[in-house]
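There are structures below to look over.
Shared between the two complexes below is chain A, which has chain B as its partner in the first and chain C in the second.
== the complex of A and B ==
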């Protein structure tokens, strides 16, 4: 009995020790931005309330948050999975775009197929294309030892032109003013969970994948090798793990996750390919992965919090005329303060 | 002059013009790298430099104010990088990314707060050409090299100066030694911390100026994400140039050449969809990295923090 109590007390203490730096970081970031907003003459308390509670005031706000949560969670995983092996995937944006292109291509070309056939094909195309886009820098790393940070970034810029080409030259929708393709077949659309306001089933897919990734990394030999590689590549090599293959596969897996988020954007949200559909998901994904310190269990929770901030910030723009970019500053500051807490702890 | 000569001169002039942001950002990266500081916030610092450079020039109706403001804000980012990595010994890459985020966010936030949303994009005067008396009269070469804006001259002179500083002075020797072996440098009395702070700040000031160049020469206004990956390309360029000022300068000419060539072919219309031409600079960067990876070497201590009290280096 007493043993159990101490064990419980111990785990509570660990949980508190983990959470306190986060709470301090969030508060500190809000204080800094609050001072900034007050100096500009805005009502700071109203701004805080808007950014924190918009998601929970109305069903619409909550569903909007869940909608935003899906790409953020997947982008964060796309960054975190390679990070587990010690590699930085900054190419989630391009992988999302190429995944979306693949999904849209299948959805348009095979528009006549029924849902049980077309939807899996659309999703699969997104995963494969995203994985392929990551496979290029991954292979360059494997074959020539070229730093993956720069090559993944460069692939983002290449994808911007690619989506522009597809949306303006190949399947252009002449009625749309903005580069957009014609819609995909109805059979390729993700079913809705809630009709109004619309919530597509992409969120189930994303959560399922998040659990799958967590279980794979923490409960299987392959996942163990991945973690070992990230912890100490040299020791892992001596131990007999093929670390180069681990780097290769972790980056491709990251690309596949980003590609899936692209497919969900096409099949669930827009039902067509739209230039700019990647939004700023990549940067937010990286911020989430870094705030979570690469912990796959923490990623889904941090991603939800960031989704709340993002939805709150867009309300801030509508109601208080505070530019939406303020959310980005808050998030970057939270990250910086979380990182700083490591320094404090070290001393 | 015949048709070909006219074409060549105008192409070369544009290459010289486009080379400036690459040179400034890469030389800035090189400076920090020589003391072991590896920053990945170039793109963010360039964007914030473009933003405040534009705002300064717009509000005070002076390009000089804009340029100085961009360098000042860039310097603040450099100071932050140096403090977090050198004093607090935090991971350079993660800090670099965080600063990149903050720069990116500020770059779009500041114009919205200061100017607000306008129907017409607010414009600033572009950097004028300043022909150098005498030299600009030389046929062909005069037009290419001596009839440009001041920052083109500055980029050229800066590269020559940095070459001299790095390879012909004792300060340069000390700088280089820190990036290779800070422990040895420290034991010989080199002030590792001061050098790291100095190169980080000066390097970031150059990146800020590189950003300010974009609205002042290309657009006349600030647009979101207007660095278009030049900051990232600058990192690749620095690696490719083997962290040497003279090779970085040549590399910058190469990337500027690719950029201008892509534009030219686009205008000329050779049947290739223009989107594929826009990909060229980025694909060229990747290809260059493949070739460069075989023969260049980076400072041995690049990307690591030096802790005086630790016995081992890594």
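== the complex of A and C ==
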């Protein structure tokens, strides 16, 4: 009994030790940005109220936040899962785009199929194409030991040309002024959870996947091997874990997660392929993964917080004429302060 | 047993030690005429305390060091020897306490400060750049005269002079990667001498040396202190401390226990001081003088491991292990002695399926294991204690519990129907933590927070607690204190009696002689000779380790 209580006390203490640097980092980031805003002559308190509460004041704000949350969560996972094995996937953007292309292609080619057939196909196409896009750098790493950071980044650039080609040449929508494809079949659209303002069921899919990833990594021998590989690849190899396969599979899994986010953008939000649909989800995903320090339990919460900031900041631009980039500055500062807390703690 | 009784209750005596006992200490130094008249306090540590989280590493420790003195610093794991020296070297900031250098208070914030105060330290693991020459490694970080041209002729000469003066023979222009461990250590010491240190701290310096090398190393230390330097010699080898140190200080549980001049010290008193009450020294395996005469426990007849004509090469096709053949029976501990870097690591890696073999045959219970994956071998009943625990056996960011099941994560009871059973894992982990005395706040603690000795205990707990028929142990007692070493020895013998075959590679000849039924010697990847238990002889082994064939 007493042993259990001490263990509980220990984990509570660890939780507090984990959370305090975050709280300090968030407060510090807001203080620094506050000084900045005040110097520019804005009302700081009003600005912060807008940033923090827009998401919760109106149903529209909340749904917009959830909408934003889905790709952020999946992109963060696409970065974090390979990170668990010690590999850096900086190609989530390209994997999202290629996943979106795959989803849109299936949705357009088989437009006539009914929903129970077409929707799973569209989602699956996104996952497979995203996984394939990551498999190329993963294989280069497996076979030749080529640094995955370089190759995943380069694959992003290839994907930009690919989406351009698909959206302007193959399935171009002549009525649109921007490179866009014709819409996918109605059977490929994710059903809405709330009609007005619209909230598609992609969020359920994303949350389900987040739980799945968490359970796999923390509750299965395969997940253990992933964590072990990330902790010390050499020792893992000495004790019988095939670390090269771990690298390969973790990167492909990351690509599949990013591909899923692309499929949800197509099937849930746009119902077609639009150039630029990747937004800046990749960077935000990396920031979320790093702020969460790769902790898969923390990622969904950090992602939600960042979604709130993003939505709040766009409201800021509308109501107070403060540039939306302020959110990015806040996020970057939080990350900096969190990383700084590591240095302080080590002293 | 003769000697002054030293118990846990006895107050520290380091202050009560006076010059009269130094005089007595002299008589034992017959072969080294020392001018102890020059003796004066050079360094004094007063009341230093340091805690890490809830662990008290140092508790009000004081130490006073004279010039012209070799001071032994003994103590078990977690006794605080290394922590104390790291405080002195500016790596840790003490919570309390003061350091005085020639009666002047100093604040040492970093190794750079320490060196500027004339304090140098040689760590157990050296940080050297393999592709640089000896001189380049030594001058790295100092200001050079010929910075623009990087002409090091003058430095080469200077280092040559130093090495001659102190008997630390080394070629300044040799590349580090071509040097054996013994020479690399000389380089590390020269690094400190080149910077003009007056106090040299050596952390377990004899680990990688042959008995012959140890002797010449001790002579160099003598020259240093005769020239006015002071040496702090951290060790857990009592015989070495007794043979070279002028005074010996013992730490236990982060506290001063005693400081005695050599003339008053004996193995027995020092062991008692180090372990406190609770260890029967007379019955200890580690100190049993009868170990050699003892008839070995009967060796089994069944051959468990058979290695034939094993050949292992590196990327450039250079042989690292040449034509190695031996077999190990059940109930047998087979030792391999050798100076570190003579192919032991490669041999072990070949056996464990970590490194491909170029030629030869390895079989377990008659079945070939060549080309098998390490995971298959672990499942077949091989178990491994790697030498480089940090690199090869340890997951720093994972929990202690996770570390304890590395390699066994797919086996019952840890894994059931495709899912990990954390309850079972933590149950096992808690059991092993108490059984193996791993000091950690909880099984969920990050393993990176463990001290070196506790990491080693973790490696042992993992290897010993999973059923196996062949144990491959490479320096299993590195960094362990007497009590833990004792535990390892009895565990190895217990497992042997239960029928386990053991391949024991060790740099510690005493350890091999105590435990093994047969000892092979490896030199440049080749087995030089195999001695039966009745033929064991330290100097004979030492000769074979340097490449001389066994005398018939």
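Rule of thumb we're sticking to: the second predicted complex is superposed on the first by the 335 of 347 C-alpha atoms of A that agree within 3 Å, B and C clash if a C-alpha of one lies under 4 Å from a C-alpha of the other, contacts with A are read in each partner's own complex, and residues count from 1 in each chain.
In this section, a residue touches a chain if its C-beta (ideal position, glycine included) is under 8 Å from a C-beta of that chain, and two chains touch if they have at least 3 such contacts.
All of these numbers come straight from a predicted model, not from anything done at the bench.
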item	value
Partner chain in contact with A:241 - chain B first, chain C second, else both or neither	second
Touched chain A residues, chain B compared with chain C	B
Partner chain in contact with A:340 - chain B first, chain C second, else both or neither	first
Contacts of A:115 with chain B and chain C, given as first, second, both or neither	neither
Partner chain in contact with A:232 - chain B first, chain C second, else both or neither	second
Chain B versus chain C as contact partner of A:221, first or second or both or neither	second
First, second, both or neither for A:161, with chain B first and chain C second	first
Contact residues common to both interfaces of chain A (with chain B and with chain C)	none
In the complex, chain B residues that touch chain A	40, 84, 88-91, 93-95, 97-98, 101-102, 104-106, 108-109, 112-113, 228-229, 232-233, 235-236, 239, 273, 275-276, 278-279, 281-283, 285-286, 289-290, 293-294
Touch list for chain A against partner chain C, complex	3, 6-7, 10-11, 14, 218-221, 223-225, 227-228, 230-232, 234-242
List of chain C residues in touch with chain A within their complex	352, 354, 373-378, 384, 386, 391-398, 402, 405-407, 409-410, 414-415, 418-420, 422, 430, 441-442, 444-445
Sites on chain A touched by chain B in the complex	40, 88, 140, 144-147, 149-151, 153-158, 160-162, 164-165, 168-169, 283, 286-287, 290, 323, 325-326, 328-329, 331-333, 335-336, 339-340, 342-343
